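A, B, C, D and E are the chain letters, set down in written order, and residue numbers restart from 1 in every chain.
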Amino acid sequence: MNGNEIAAKDDALFRSIEYTGKNFYYAVGIFVTVIAFAAFLYLGQIISGLGVTGMAQPVSWGFYIVNFVFFIGISHAGTLISAILRLSKAEWRRPITRMAEVITAIVLAIGGLHPILDLGQPGRIWHLATSGRLQSPLLWDVTSITAYFAASTVYLFLPLIPDIAILRDRGTKPRWLYQFLSWGWQGTPKQHKVLNRTINILMIGVIPIAVSVHTVISYIFAMTVQPGWHSTIFGPYFVVGAIFSGIAALLIVMIVFRKVYHLENYLKEIHFSYLSILLLIMSLLWFYFTFCEYLTTHYGNEPDEMRVFFYKFSGDFAPYFWAMILCNFIIPVAILSNKKTRKIKGILFASFTVLIGMWLERLIIVVPSLANPRLGYPTGIYIPSITEWALFAGGIAVFMLGFLLFAKFFPLISVWEIQEGRASSIKEVAHRLRSYLPDELEEDEIKKALH
Amino acid sequence: MPRWGMVIDLNTCTGCGECAAACKIENNVAIVGPEESDMGRTMLWMDMLTEYEGEYPNVKVRYIPRPCLHCDEPPCTRVCPVRATYLNDEGIVAQIFPQCIGCRYCMAACPYTVKSFNWYRPEWPDTMESALNPDVSARPAGIVEKCTFCIHRLQIAKEEAAVENRDLREGDYIPACAESCPTKAISFGDLDDPDTEVSRLRRTARAFRLLEELGTEPKVYYLYEVE
Amino acid sequence: MKRNSTLILLFAGFVLVIGIVLAAILNDEQPIRYNHEKHIQDADLECVDCHRNVETGERASIPNIETCSECHDDTEDENEEIRKVATYVDEGKRIPWKQVNVVPDYAFFSHRRHVFLGKIKCETCHGNVASMVTPFSEPYREITMDWCLDCHQDRQVSSDCYACHR
Amino acid sequence: MSPKTIKFLQYASIAWIWIFVLSVDVWIISLLIVARRLHDAINASVGIGIIAIPLFLLIATALTYVFFGLQKHREVDETRGGNP
Amino acid sequence: MELTRRDFLKLLGVTSAATAAGALGASTIYSVPDHIFNRLVTGPRIETWKASVCTMCPGGCGVKVRLIDSIPVRVVGNPLYPVNKGAVCPMAEAGVEELFHPERIKTPLKRAGNRGENKWEKISWEEALKVLASRLETLTAKKAGGQFVLVTRDDHTTELDFVKSFMELIGSRNLIVENQLEFGVLPVFLSQGLWDAPAFDLANADYILNFGANVLDDGPSPIHYNQLYAHHRSRSPGHRPRIVHVDSFMSRTAAKSSEWVPINPGTMAAFALGLAHVIIRDGTYNKQFIEKHAFGFSRWKDEDGTWHDGFKSVALGKYYPEKVEEMTGVSAQKVVQLARDFAASKTAIAMSGGQAAKSTNGVYTQWAVYCLNALKGNLEQPGGVLFPKMMVAQEREGNDLAGLAGGAKESWFDNPLHARALSDLVSALKSKSPFEVDTLVFHRSNPVFDSPYKKELSTLLSRAPFIVSTSSFFNDTTVYADLILPEPVWMEKWDLSRRVPGLEFLHLGVQQPMMEPLYDTRQFGDVLIQVAESAGLEATVPRVNAYKDYIAGYARDIYLSGEGAIISKSAEVSWIEFLKKRGWQPYEYSTFEEFWKLLLDKGGWWDPFYPDPDPRRIFKTVSGKFEFFSQTLATAGEAIEKNLTGAGDERFLPHFDEPRFDLPDKRFPYNFMVYQIISNQMGRGAHLRLLQEMGGLISREYWRSWIEVNPTTAAFLDIAEGDAVKVTSAHGYVIAKAKLIPAMKPDLILMPFGMGQVFSNGKSGKPGANPLEIFAADMDHISKIPSWISTKVRLDKVDSNDVS
């Protein structure tokens, strides 16, 4: 079968690659400008020192660490969701997984760089190699993020191979790229077997890695004895938060690219509905964890903990705290639990609030604990500087640009998986259903029902 | 191997601030200027905590000089990714300036908030750099610094003792703060040697340590004031 | 093509200028062609005779007119270099030696400790000075921390960071 | 770009992945040794090491397996270029 | 532009600061004049120590300076020196910074623009001295030497003696020594006719009543008192003297006392007399002393047969505890309790300072407090009030220079009641009375910054004929000068520090240069000698060619007297006594040269022996007794008498005069007070970065002024910690951040002094606010000490952008 023929039915998926509109260049231009501005300010930071940020004593960590945690959190969208959906053989995953995986890979790269932005002496980063110490949670991070990045890139790449081969066969330019990356895929059954087997292995492997990454990031805080940080719940709390924000990010990306590239045929309301129910569940779960976290603190009533607690509840950080509750819980639950509002627009709005809320959550975790030192110091102040804002914007711009470029070179929806679905999944589902149900069903009945 | 420690008597400390000033001059700690200070970037290896207790007219004031507490179980050294800070054999929590990458994790982890960061390259008025203490390095921008118990003095004292072919004696090595304290509120010495002033003082009933409940085992002891 | 060659020319010029500036700035030629060999072998001097702090101080000290003038004060000498010394002495100007071995300020390196207490030969770090006929224009060997540490471990002296860093 | 170059690039990338993975593992092992020498909290280090080292190897193995698997199970020799 | 190697490396260092600084060490870190830089890099790094005396404040601490290759790098206390026993305060630490300060005035300057414009033109010393000398010549020719006015400050060095001699020489009595009455001199003068600061033997006292003297922060020698207080506190509670501190706010001194008694501002006289009331009523005063050595305790009859009131009748009349409670805000119970404690303790001292002196009723307040000592009869007793011997050189019939001053028998400067004060300068500039000003010299003095006459002076000075300043730095007063003759800083100077007020022993510290003056500066003593010379006064004056010779002569007198000893390690009195008895000395010196060398080496000389008690030595009054009824005051003359408060005999007795407050207006409900911080006494550290930062060590408002408010008041005004607040008086306003401090009276607004110098260091701008801006320029009319507590203010919350 010829690649062209295979793809003919799904031509829409290749439009973004083979046709470049004006808007693409505008978008790239805007993102590059933002990134260049951020890079310029970062250069300034390297030259004159971290003084250009708003950090000080005792608030010695600010936006960079907040964004680090936030971006790494979003990265959970991806691999984790796609792996879970694949593992649970949810058929509706097919158009979603690719996007999720791309988010993961790009955002991880951005997030992973944030600690370097945060270094006072980035030139000495090689000290990590020559005299790093594994007992520091920071190195756990380095290791686990590297591992996760490696795994998720591979996990993105392997299911991409058949699609690359399709592109190669369609003769899309740059040809050498697709030739190089397709690794000689020809779609033979044995190749399929090899690929599927590996994907399955990775799928199982990547879930614990992803969970561990965010757990370990929470350990950066939880391993210290600082009030508000030293908590056993932090690991799962961060993971839940990460998945939560990841789904929100995924939803936004899906909605945006569906609109931009006219993928309405592939991403249907049902996908959003399913995912948004997942988001709703995560929102409730997040709230549960938040509740647990703060209830124990409040009940324990340790003075130092309480200072941080009230700093968040009624002090300087109260607006952010309550905004977080609003964004992460009240709005999403209100929108998503109602069938009427659980439409694309509503979901988009809820996802945005969740992203903002989760970012606020990271801010609320990082800053108040530092701002309230234990001894008789005054409360610290933290007002982020233009550099920090610019680098935040830069990070987002890098993400968008990365996604855009990816979409420019590779299909955002796994073509071969869609085709595979068409070809074999009805049968498979029927087969599966039959194995679930108590009574023997005739194949015809199921087929009838499915049509 | 000695285990260096400090005892600060809050009873005799009058809060004059000489320890802090002596520390700044001795260790070439940068003076950051008003704008930076307003942001909270003042660098004090020896800080002063002032506590007011009670309400008018029954008020008590307590001045607590606060160097690095050189914990025996330091929360800061565990988290350092590059061993720029570690607990050395003599009980000093070392801060190796050329090794530090500036991640500030130790600052975040220190429950006593003793560390300062060079947000900018420390600068002195042109002519003044000649008067910096040549025994202590001037730090570049982007690294964390803190009280070292005036380690340069130990290095020199050890050499002096070696030249005279003898062991270190009590009083050979004293940090600038302890040396300059007008009221002798700060004593310094070997905590493991039961005969030293510090060992004697820290065994008294008045001795306490800051945030003892955290289990950091600071080697800076305080003596409660008595009225 | 033409544009390319212009660019190359410009670049070459740029490199040249930088090179010249660098050479001018980093020129480490000493003001006087001091001859260690003559002083050590012919005049039978010990290192410590001129580098007087080497056994008592942190720095070995570079001898200047106070020390040189003890022997050289004759501006009439045939040797041009000696005349230079004498001129400095006469005018009471200090000889602008360029320091070659610089210990970074964050390292505590004491000559007394190494020479007097550790009994380390000058040659170990500074090479065979006795046969040098020109002054130092660059350090005899690059002194790295690894090199320090190797020696410290061989001799079983402290290799705690705080033994040297400050 | 000639098929040969592409072949070379493909092999090179596999080699690069192995170099990367092995260097990460060597790094972790060296850090373990350093940790032991400096009496660091060894359990954390070992824990990280035990998980991370095989993990990286797994990733590299998976890639290699796929690569060679795909090469092996080709039906047409695509190096001759163009569409089969 | 010359590009040096160092600059180039710096350039590189911008992009890779870490590596450059690391690899090249000192070369990138230091950027200093080349000769010093060379010494730093190639120098043998040899450490030496030199002894000197710090004169950043009048405390006179002996210091040792650490020099590396002859560059001063650190100042520490001289452990042998008896005043500070090896300790210094942050001000001394900043000495190195002051020495190398980039904004020092490096050459003599002539005004180029208008006054206050701060535009200058360099001139040579010869020119500068010629200008000054010609003015002096004209004045002396006219016999109008009095128009040469010198404003200075007593830092307890012999320089003041030298200056006095000079002024006598040119026939001017218009020497204004700003702080000469600040150390409790006046009550001693009134009661004993002695112009000498009393030394309180705090070390041996069992009970110390301190009326507002914040001796730990701005006493005559803060470090000495810090050590004394700490010494007491280091003893176990049972064996420790009880220190009661009476003040309106809890200063550091109060915090380190056993008890703080809050009191209404300006009412300490009433409180002291209330104590006297209880003591006299109880009959627990020292009857023996009163009978034998006191005059005017009971009613007495003068030669004319008129009966006069005595202290007893005054105290018993008005000052019963309930009345005192009404006046002072201290409960009657407390008054009785303190009086009884005071009377019951073995040795007790009552001392005063701070607001007790700096108020409109300061003289009577200090006097009333001082009289408590007489009730206790503790004069010349251990644990009481001591009066150390005069310096040998002082005792001799005038010193060398004074002797030449035209044989003035009685110095003009020996009567504190007639001493010139800053207020005299203000009125002189305004109305040419009590004297006319032709040439005005400001030496060690910066009244436009640190006096309440700030505003008046700044307008008056711009109209004054000719102003000279000797400051080493530009300051608020220097900008009005026509001529700046910069002095070297203390590390480059020769001087002799002699007896700090309040110390019970004699001591002498040598201030010697640490290095050649960095810039073209000259010491004031030398300037005076040279000016006198070129003004043609050499026929009569200087036998000395340089000020250094003068102090050497001073030291020679001491050497010749054979008394005391060079300070030494075991400087215990008993040890020296032991040696002396056997005719030995701690150090051997057989010639003056040896003595001098040893003096320079060790840094000082002292004489710890207290002479045997002798009433004739300490009571120089008409009656030869301690006078409760001051006949000195009664005979002081019309000019003084018209300023006395009270009615009838009360005028010559300690009494409580209601303090005058500026505008007792409802709009300004709060009392405003100012206090000093040890690291910036009198704002003399305003140009130093270290001290600007250290000033905020306790308040955590580095480089800034702040305003202290009681939390109760703050709650009433809806002010939170850190809010910007505006303090408004009838004379202006200042804005700073609010600090909520419970340790002060609720109706008080408190502000630290020392910030807000307009023309201080350039780079740091002009941080902080000067509370004196809003001061009511009132004073005690007897002593002419400006009142620092008379201002009434209002407090408002404002936008935080206005904070300076």
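Following the convention adopted for this analysis, contacts are C-beta pairs under 8 Å (C-beta built on N, C-alpha and C of every residue); 3 or more make two chains touch, one makes a residue touch a chain.
Everything numeric in this text was worked out from a predicted model, so none of it was measured.
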Practice problem: Find out how few touching-chain steps suffice to connect chain B with chain E. | Solution: 1
Exercise. Specify the chain most distant from chain B by Cα centroid.
Key: D
Quiz item: Based on Cα centres, what is the most central chain?
Solution: B
Quiz item: Chain pair with the most contact pairs?
Solution: B-E
Practice problem: Could you tell me which chain lies farthest from chain E when each chain's centre is the average position of its Cα atoms? | Solution: D
Quiz item: So how far apart, in whole Å, are chain B and chain D when each is placed at the average of its C-alpha atoms?
Solution: 48
Self-check item: CA centroid of chain A to CA centroid of chain C, Å
Solution: 58
Practice problem: Averaging only over C-alpha atoms, locate the centres of chain C and chain E and give their separation in whole Å. | Solution: 52
Quiz prompt | Multi-partner residues of chain D (each touching 2 or more other chains) | solution = 38, 41
Quiz item: What residues in chain E touch two or more of the other chains?
Solution: 18, 21-22, 26, 29, 45, 700
Quiz item: For chain A, which residues are shared contacts with two or more other chains?
Solution: 121, 124, 131-133, 135, 139, 377
Self-check item: Contact footprint of chain D on chain B as seen in their complex
Solution: 78, 83, 86
Quiz prompt | Residue ranges of chain A touching chain B (in the complex, touch as defined) | solution = 48-51, 53-61, 115, 118-122, 124-125, 127-128, 131-133, 135-139, 142, 220, 223-226, 370, 373-377, 380-381
Self-check item: Residues of chain C that touch chain E when the two form their complex
Solution: 21, 25-26, 52-53, 57-62, 64, 94, 96-97, 99, 102-107
Quiz item: Given the complex with chain C, which residues does chain B contribute to the contact?
Solution: 86, 88-89, 92, 94, 96-99, 134-138, 148, 151-152, 154-155, 159, 162-163
Quiz item: Of all residues in chain B, which touch chain A in the complex?
Solution: 36, 39-42, 49-51, 64, 66, 75, 78-84, 99-105, 107-109, 111-113, 115-121, 140-144, 210-211, 214, 216
